[in-house]
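As written, the chain order gives the labels A, B and C, with residue 1 at the start of each chain.
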C-alpha cells in the first residue's frame, strides 16, 4: 500500500481544526467576547496574547479558537443539508426517470447557472443575519453537485443485475435506493461532500465578511476578517490568523477529498477475479 | 413428462411488448416490436429452452414475465397471478413464485453486501421465519448450491465466477419459487466451470421440483437441459416443440441454420446448405412477410408477402414456415415427404 | 514440414504486480507454416491473448518478455527497431479482435480506415486506395460496398464491423492473421459466416491463421492443428482431429467431456456432465508442479513435486502430463 500523503496531511489539518473547535473552552486563554479591554487594544502578538489583540482588546487566539466552532459547524452542517437534498433528488431522479428526472435536472441546471454565493446573499438578505439563516442559505444553494453526481451514478448502476434482482425479489423502490444503490455510490459522494464542506466554510467567511453572517460580538473567521479590514496595514495580525485558520481548514478538507477519491474510486480498487 | 394433463404454471397468451422509439425531436416515431404475439406454456417441473440471437426479444420476454416490463397487449398467467396491459405485476406476490438467475455473475451481485445479507434480506422482507429460521434457511440453501457455511460472511469479490453464479442461484431460490428464469446462466463463465453449474441447475430442478425457462444461445446447453424448446426470431416464435423433435427433426429453416452454425468436430461437412445468409435485420424494421426470408435458403415469393402462422407439424410440434411440412435433405434442397 | 513462417520458442511473459513478478506465460513453443491454421485454445487468464500480443510485439507494462524467441521467417521480432516492427504489423502480421468497435476509429469512415492500409503499407495513392477499398469490402461480402465505404463504424452491425476488421487486416495480404476471439461477441449464425469468410479469404491469399478462442469446437472445426493452453502453458498440442478423438491431457479430456455436445442427448440420452472440479487459478497463484494438479483426478505425488516435461506425440504433437493417455 503506497503512502497517501494528501490523505494523511489533509486529515491531520482537518482533525486539528476539529479538535481545536471541540476543545475551544479548554484551550482558549480568554473569553472571546466579553474580555474586551480597550487598554489592550491592537497589541501585537506577544507572551500574554500569542496572536495579539483586536480593536476592542480581545484576545485573537481565543477568538480564532472559538471561531473554529462556528466555521466548522456552518461548513459541516450546511454541507450535510446540501448532501441530503442533492442525494435524495439525484437518487430518485436517476432511478425513477420520467417527468421527475426532467424536473430535477432542470432545477439542477438552474442552480448551477446562478452563482451560489449571490443566491445565498439573497436568502440572507431576506432572513437576516444569524447562524440559522446562514445554515439555511448555504444549505440550500450548492446541492446541485451532489445531485448531478448521484444521478449520473444511479443511471449507470440501475441496469446492473443486482438492482434488477432486488426488484424481482420484491424490494420497494425506496429499499432498492437505500440498500442497493446508495452504498455503491457513497464513495464519490463522500469525496464531493468533503470538497463541498471546504466550499461552505469559504462561503461562510465571504458572507460574514460582507456583514451578512454571524452577528458581530461572536467570532467566526469570516466576521473577524471583516472587522480587520480597516487595520490590514496597521495591525496585520488581526487578519492573518483567522485567514490562516480558513486556509489550513479548507486546504485540509480539499486534500482529504483528493485522498479519499484515490481510495474510494472503484477503478483504483483491485478487482479480484 | 406428463405435462399435457396438468394446468400450466406459466401461460403466455398472445403477448406483445412494443416500445415507441423516437418522437418529436429524435426523428420519426417508430415502434420497436420487441415481442410480437407470443404464446407459450410451461408445465410444473418442466424446463422450457428459449433459443434465439440478439434482437429476437428473448430478454424482453424474460423481463415481461418478471413483471419488470409491462405488456402492450396479451397476458401472462403465472400460477394464480395475472399480468396484462391493464394489470400490473404485484412484485411481492410474484417474487415468491418466479425468480431469475442472471448472465453476468459479476454485475448481478451487490458488491457491498455479504452473501448472508444477500440471502437473508429477502426472507426478512417477506416476513419469513424468525431469526433462527432465517439462519437455518440461509445455511440450507448455501449447502444446496455447494457453498460452505463459513463463506456466508464474505463479499462477492472474494469469490470466483462460478461461485458467484452459485450465490446468484441461491438468491433466486431463497424464497422457494416454483419457476426460475435462467438468462444465459453459463455463457459468462469459464468453459471448465460450465458443467458444474449446469449439473447444479439440473439437480436443483429435480430436488425442489422447479420449472425452468432456460434462455440461451448455446444449443448444446439447451438440448441438454430442456424438455421443450421454443425458437425465437425477431420478436416471434418460429418453432416450438419437444426437445427431441426440435433437434432431430427441425422444421423451420432458422432452427436448422442455428443447428448448422454450431461448430462441432464430428459434423463438420454435413450442413453446408443450411446456413443462414447475411445479417440479422434490425428489429426496428423487420422484413415483411416471414421475418426470416431475407436469410432463408428456402425463401419463395409467398414468404415475402404472407406471414406464416405457427401451425402444428405433429402433435405438440409447431413451426411458422410455409414449407414446414416438407423435410429437407442435409444439403438444403426441398424434398417431398 | 517446410520451414515455419512463425516460430515461437520457449516464450515466457512476465507480469509485474505489486512489486512482484509472475510468469503469466511460461515455456510456450509452437510453429505455424505459411498458409497453415493453428488454434490456441484456453480459458480466461490462461495466457493465450498475451501470447498473441507478444507475437505482435505489443507487450506493454505490466507485461514484458521474460525469455524465449519469436521469429518470423527466421528473423527475431523482438530485436527489430520500433519503426521496422510497425511496418511488420499490418503488412506481414495482422490482427483482429473480439470487439471490433473498440478496434475501429469511431471518428473515421470505414472506407478511409481500409484505404489507409493501402496507402501506409502498399504505397498506393489515395485515389487508387479508394478503388481497392471497394474491392476489399466486396471480398468480405459487405453488400453495396460503394455506399458502405462512407459509413462510420457505429452505423454497422456487429457482424458487418467484424467484416470490415477482416478487410482491414487482410488488405495487404499479410503472411499471418492473428484472430483473438473474433466471433465471441457475435450471434451464432453470424459467427458461422465470419469463420467461413476468414477461412475462404486466407486460403485464397495464402495467409496463415493463429486462431485464439475459448471454444474448442470452433477451433477444431477451423484449424488443422490445435494447442490447448492452461495456466500459462501449452498442455497439449495435436492435429485437430486427433485432439477430439484421442485427447491426451486430463484437462483437454475434461473440457471435451464437460461440454454438452449437440446431438449427444439424442444418441445417449441425458447423462450427467462430467465436471472439472475447482477453479481456474489466478496468474498470481499458479500451483507448484503440474498446474492442473489441484483439479486433476489422476494427480499423484509426482505431479506435486515435478513439473511434467513435454512428451512428444506422433505428428509433432506434445503433451505435458505425467499420466497422459
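Definition applied: a residue touches a chain if its C-beta (ideal position, glycine included) is under 8 Å from a C-beta of that chain, and two chains touch if they have at least 3 such contacts.
Everything numeric here is computed off the predicted structure, so don't read it as measured data.
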item: Chains touching both chain B and chain C, listed by label; value: none
item: Chain whose Cα centroid lies at the greatest distance from that of chain A; value: C
item: Distance between chain centroids, defined by C-alpha means - chain B, chain C (Å); value: 31
item: Whole-Å gap between the CA centroids of chain A and chain C; value: 55
item: Averaged-CA centre spacing for the pair chain B and chain A, given as whole angstrom; value: 51
item: Chain A, residues touching no fewer than two other chains; value: 273
item: Overlap residues in chain C, where contacts from two or more other chains coincide; value: none
item: Chain B residues counted as touching two or more neighbouring chains; value: 160
item: Complex interface listing, chain C residues touching chain B; value: 43-44, 143, 157-160, 187-193, 195-196, 214-218, 220-222, 240-241, 244, 251, 254-255, 258-266, 270, 272-277, 279-280, 295
item: Of all residues in chain B, those that touch chain C in their complex; value: 53-54, 160, 162-163, 190-196, 198-199, 202, 217, 219-221, 223-225, 243-244, 247-248, 257-268, 275-280, 295
item: Residue numbers on chain B that touch chain A, as the complex places them; value: 66-68, 91-92, 94-96, 98-100, 102-104, 106-113, 121-122, 125-126, 157-158, 160-161, 168, 171-172, 175
item: Interface residues, chain A side, partner chain B - complex; value: 160-162, 164-171, 175, 179-180, 183-184, 271-273
